[in-house]
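In what comes next, subunit A is part of two complexes: it sits with subunit B in the first one and with subunit C in the second one.
Coming up: the complex of A and B.
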């Protein structure tokens, strides 16, 4: 299932047509902005943009529901942790305390705290589509080319994209190996105690490593025999030259980024204070 | 004057990790445009020789070189792997493992990308090469969706994008291919040779299939030395093959059984070209007249029954409506092209996968509710790749694992493990670490670890893949002995010889359907079946037809029973 979670979704959309480099740069700008700012107005604008972009990509919500559920889970966990460890964070930040009701001791509910949580949640929701869309709308082969273009060495770029590519194969191996081990009597089910179960899972690891090493040896020989690593640079078959749309998108998003950053830091605080 | 393009002079090579040299005093000259077959059993040094040509030796596998090897007049010692790859293009053995790009176009382009070729000219070269190997209509397809034959074309194309290559080197191009795809691969090599006049070097141990390509010379290597350097016709007429554990073609074997002498003038290198003399024909017909129908009663005690089994994976049907019966004591082959559903069928029988429809009975009892674990006590499954099965460091522990997990007292475990190791010929190594075993020994170890659970039925996936004749015979004789001890055996295989020589019945799958369940000799003479299941007609049939024998299938049967007899006395 994990493959389906973060695979490439073939569509013909404006987002897909953008060069991988453009998407990568936008993703980086976007997440930097969303991470730095706590300005609710900016976050709301970004939110509207991300919905539009997502709509444009023609990827359906249902198709990535599993990842979304996972992110939602972490979001809840994060909110819960913030409240548990720092129930007065909002009060400190916004400098006032509008108490709505008390639970116990310092664990009261204030409008400031709720507003702070709202902002954190917004940040999550704003970053998610950008990150997901970069991964699911960039063809795996363009992925390496994009990384390389923004300055990552091509050997590392290829290593990353090969690792992504081998994921399905390794998962298949994992499945077969676990079936073979089950046949021999190794129990991975809930009937076994947790510690024992973990130990049992380790019996899959060794065969998995050995069969993966075989794979790595073959592919690295094949690559070497086809001149991989000969020069300090290489060209890319799948690299898309930047089109007008790419440049336009890049200029617009850089402008937006600058505006967002200026507004965020303009009044000396990253937070927008309605109180 | 014609300078040889490759010249070995007193060339020896020793891996750093080994005591003895792998190649010894090799003297060999290969001229431009020649087609050369390098033949030898596993461990003979033939792969090392290939690695010396493409630079993997000594750049990836370091070692000590003495003597000289020149390619295009240059000492390879003074070159590096990258300059060599501009002269020698290598197609590796493992077709699936050597693809780097996801789509056909990308993979073809890989070498060009590394050479910093600009995108525009790269696209042109890729398009030209795709045309050359005839994959231009698949250029944007994902490689993993292609058939075995197309994959072969792409892997060759990926090498041919380097247009100035002088030498093409094929490292066991037939390994892991179904027979029809193997034939197709050899045709492809012939086409490219004809179109481009490059020097072609093929490393193989499957002689009969390799000979389809009209080689100029065959160089036989054994124990790191060149044993013979001759033409295919002369090789078949000589006795070299008997000494080096290479399987001779079935038709020459049959001729020899009949008492005929192979003459190099009769062009034995291909059955189509073979000239049979009057006396040869007389001998063959005479030999055939000794045929007696064997008095064997086929086993009839039903062990495994599949009824209308259907299985689909991710809404794609993999097995449809499979019904078959396996009787106790049988040794059966399960054949069909790559991806026909053979392994899946085995997995469904073992409970690794669950069929959506239909039922499976074992010894009359339904199996459907039994878990993988419970079924494993009665049905064992040995995967093709032993590395996927081995999970312990010591041989003893590996075999003992299944018993220990079944809570069997330790002294009983010891006894059973020793028995299994003895049967598999691994008893002397019982205290060794597994990493010290050869590939063939590892394979036997995985059989031992299944055998120790005393299953009534064992399914083996490609038990002899990549093994030379010696190891092949060892493994198959061992399985035959097991079978005689009462274990029922199903073999998944691409090897038509194995199917013919060792199994009494063949189950043929094509696209998830069972299309035949009959004797191997009947299967391998039925052109329609052969076509659908990507098999290859046995050359024995062609020989029989050539000799004017009226019942070719009977001729094949006679050959098989004669061959079994010979093998038995030889043991």
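Coming up: the complex of A and C.
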């Protein structure tokens, strides 16, 4: 398949050996912390940690370069949009205005605005490694087992694992349908007018969706025949018991999480104000 | 809450999330304005919500959107993922009484479905998403509200066109409950 996607890479590293439960909990704590805080100091510490765990995971940079490029592009667009819509956001947040120079009207460059953009960018960058590494280092089946272990009902966990299992199949279906329609002369490119293109696209999504409905029928009948859902609990083939390293990682990361939250909120503002 | 889910609903959540991902990743129609696309995944989400109900709709929104974000960008934009959950759930809740299995999807159902989706999506993308963006990410309010309104408009168009066609074609494949005539 021509389209590259993120996915699990088999490799032996400290991060790979951690249990899926540990990684899932850390991922959740990490994204919560990064979402809540705007404190530059905490974001910088998280950034350093990201580099460390990235190094530990032995994932190579070129394996994720495509995704990284996409993130950077997105970041750039977002920063531009923020500046265009609200060039005084930083001044409002930090309560002072240190003007560096003016471009036009209210579009001046202030130290506060630059600092705000720096924080937004940092926030984006810091969320990424946790999610990225979680996806790359956790086997899909183990992911479902981990979800169940942290309290998600097993029927929902199975749904998630079905989704991951059938992603490649449905992608292949999509590719086939799309190529068949193109061979019949249906054009999805910019050469067609918008209304016509909408119509052409529906010639892909109709067969794709209706064949998926058939798939749902088949799979649910197969599961029914095997008495899925008879018991209130189930065991998982890929579940890994927690080791000493897991417990240690969990305790340390929970402590760090609590410290981060306390530092963020103790002065009543999510922002660290150097001005 | 999840204990009594039927097997079919569970499978629909799983497969639905995968289809949502594929549509969201590959089948978007650029409008000509940079960075704004008509997204077909949202149309599928509304379809699943009508067919399988609010829980399936909500969870396909949650899992599908989170997967799409994670596998495309390596991080999850939670504020918008939560809105997908909300939109799927609410459309499912309001529109589940449309009985497609009886092969009935006429003018009346078409209008009531579209009223529901317009209201739900304006609340979701135009109101809840920007508020969450401000609360979580502290972004400028005029920026996120503009983004939200554009997204609401595009998604309403997408659902209005594609989901309506989907629902109509689906109802055609079901045999109508009143198609049998008693012979004398």
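What we mean here is this: the second predicted complex is superposed on the first by the 267 of 275 C-alpha atoms of A that agree within 3 Å, B and C clash if a C-alpha of one lies under 4 Å from a C-alpha of the other, contacts with A are read in each partner's own complex, and residues count from 1 in each chain.
As a convention for this text, contacts are C-beta pairs under 8 Å (C-beta built on N, C-alpha and C of every residue); 3 or more make two chains touch, one makes a residue touch a chain.
Keep in mind that what you see is a predicted model, and the values were worked out from it rather than measured.
Asks: Have a look at subunit B and subunit C on subunit A after the superposition and call it: clash or fit.
Replies: Once subunit A is superposed (C-alpha atoms), there is room for both subunit B and subunit C without a clash.
Asks: Looking at the overlay, does A:160 come into contact with subunit B only (first), subunit C only (second), both, or neither?
Replies: After superposing on A, A:160 lies in contact with subunit C but is clear of subunit B.
Asks: Please name the chain, subunit B or subunit C, that touches the greater number of residues in subunit A.
Replies: C
Asks: Thinking of the overlay built on chain A, is A:80 touched by subunit B (first), by subunit C (second), by both, or by neither?
Replies: Neither subunit B nor subunit C is touched by A:80.
Asks: Looking at A:184 after the superposition, I want to know if it touches subunit B, subunit C, both of them or none. Which is it: first, second, both, neither?
Replies: Only subunit B is touched by A:184; subunit C is not.
Asks: Let me test your reading of the model: by the given contact rule, A:38 touches which partner, first (subunit B), second (subunit C), both or neither?
Replies: In the superposition, A:38 contacts subunit C only.
Asks: Kindly classify A:215 by the partners it touches after superposition: subunit B alone (first), subunit C alone (second), both, or neither?
Replies: A:215 sits against subunit B and subunit C alike.
Asks: After lining up the shared chain so the two structures overlap, which partner does A:224 touch, if you call subunit B first and subunit C second: first, second, both or neither?
Replies: So A:224 meets both subunit B and subunit C here.
Asks: Just checking: does A:71 make contact with subunit B only, subunit C only, both, or neither of them? Give me first, second, both or neither.
Replies: second
Asks: After superposition on the shared chain, which partner residues are touched by A:124: those of subunit B (first), subunit C (second), both, or neither?
Replies: second
Asks: Which holds for A:234: it touches subunit B only (first), subunit C only (second), both, or neither?
Replies: first
Asks: Looking at subunit B versus subunit C in the superposed three-chain picture, what is their shortest Cα distance in Å?
Replies: 5
Asks: Please report the subunit A residues shared by its interface with subunit B and its interface with subunit C.
Replies: 162, 165, 204, 206, 210, 215, 219, 223-224, 228-229
Asks: Using the touch definition from the top, list the residues of subunit B that touch subunit A in their complex.
Replies: 54-56, 59-60, 81-82, 85, 90, 92, 94, 97-103, 105-106, 109-119, 122-123, 126, 158-159, 347, 350-352, 371-373, 375-376, 380-381, 383, 385, 387-392, 401-402, 405-406, 449, 453
Asks: Sort out for me which residues of subunit C touch subunit A in the complex.
Replies: Spelled out, the residues of subunit C in touch with subunit A are 2-3, 5, 7-8, 10-19, 21-23, 26-27, 29-32, 35, 38, 40, 43-44, 47, 59, 63-64, 67, 70-76, 78, 136-143, 146-147, 161-162, 165-166, 169-170, 173.
Asks: Touching residues of subunit A toward subunit C in the complex: what are they?
Replies: Touching subunit C: residues 3, 5-7, 31, 35-36, 38, 64, 67-68, 70-71, 74, 77, 81-82, 84-86, 89, 93, 120, 123-124, 127-132, 135, 153, 155-156, 158-167, 169-171, 174, 178, 190, 194, 197-198, 201-202, 204-206, 208-210, 212, 215-217, 219-220, 223-224, 228-229, 232, 270-271 of subunit A.
Asks: Going by the contact rule set out above, which residues of subunit A touch subunit B in the complex?
Replies: 140-141, 162, 165, 173, 176-177, 179-187, 203-204, 206-207, 210-211, 214-215, 218-219, 221-231, 233-239, 241
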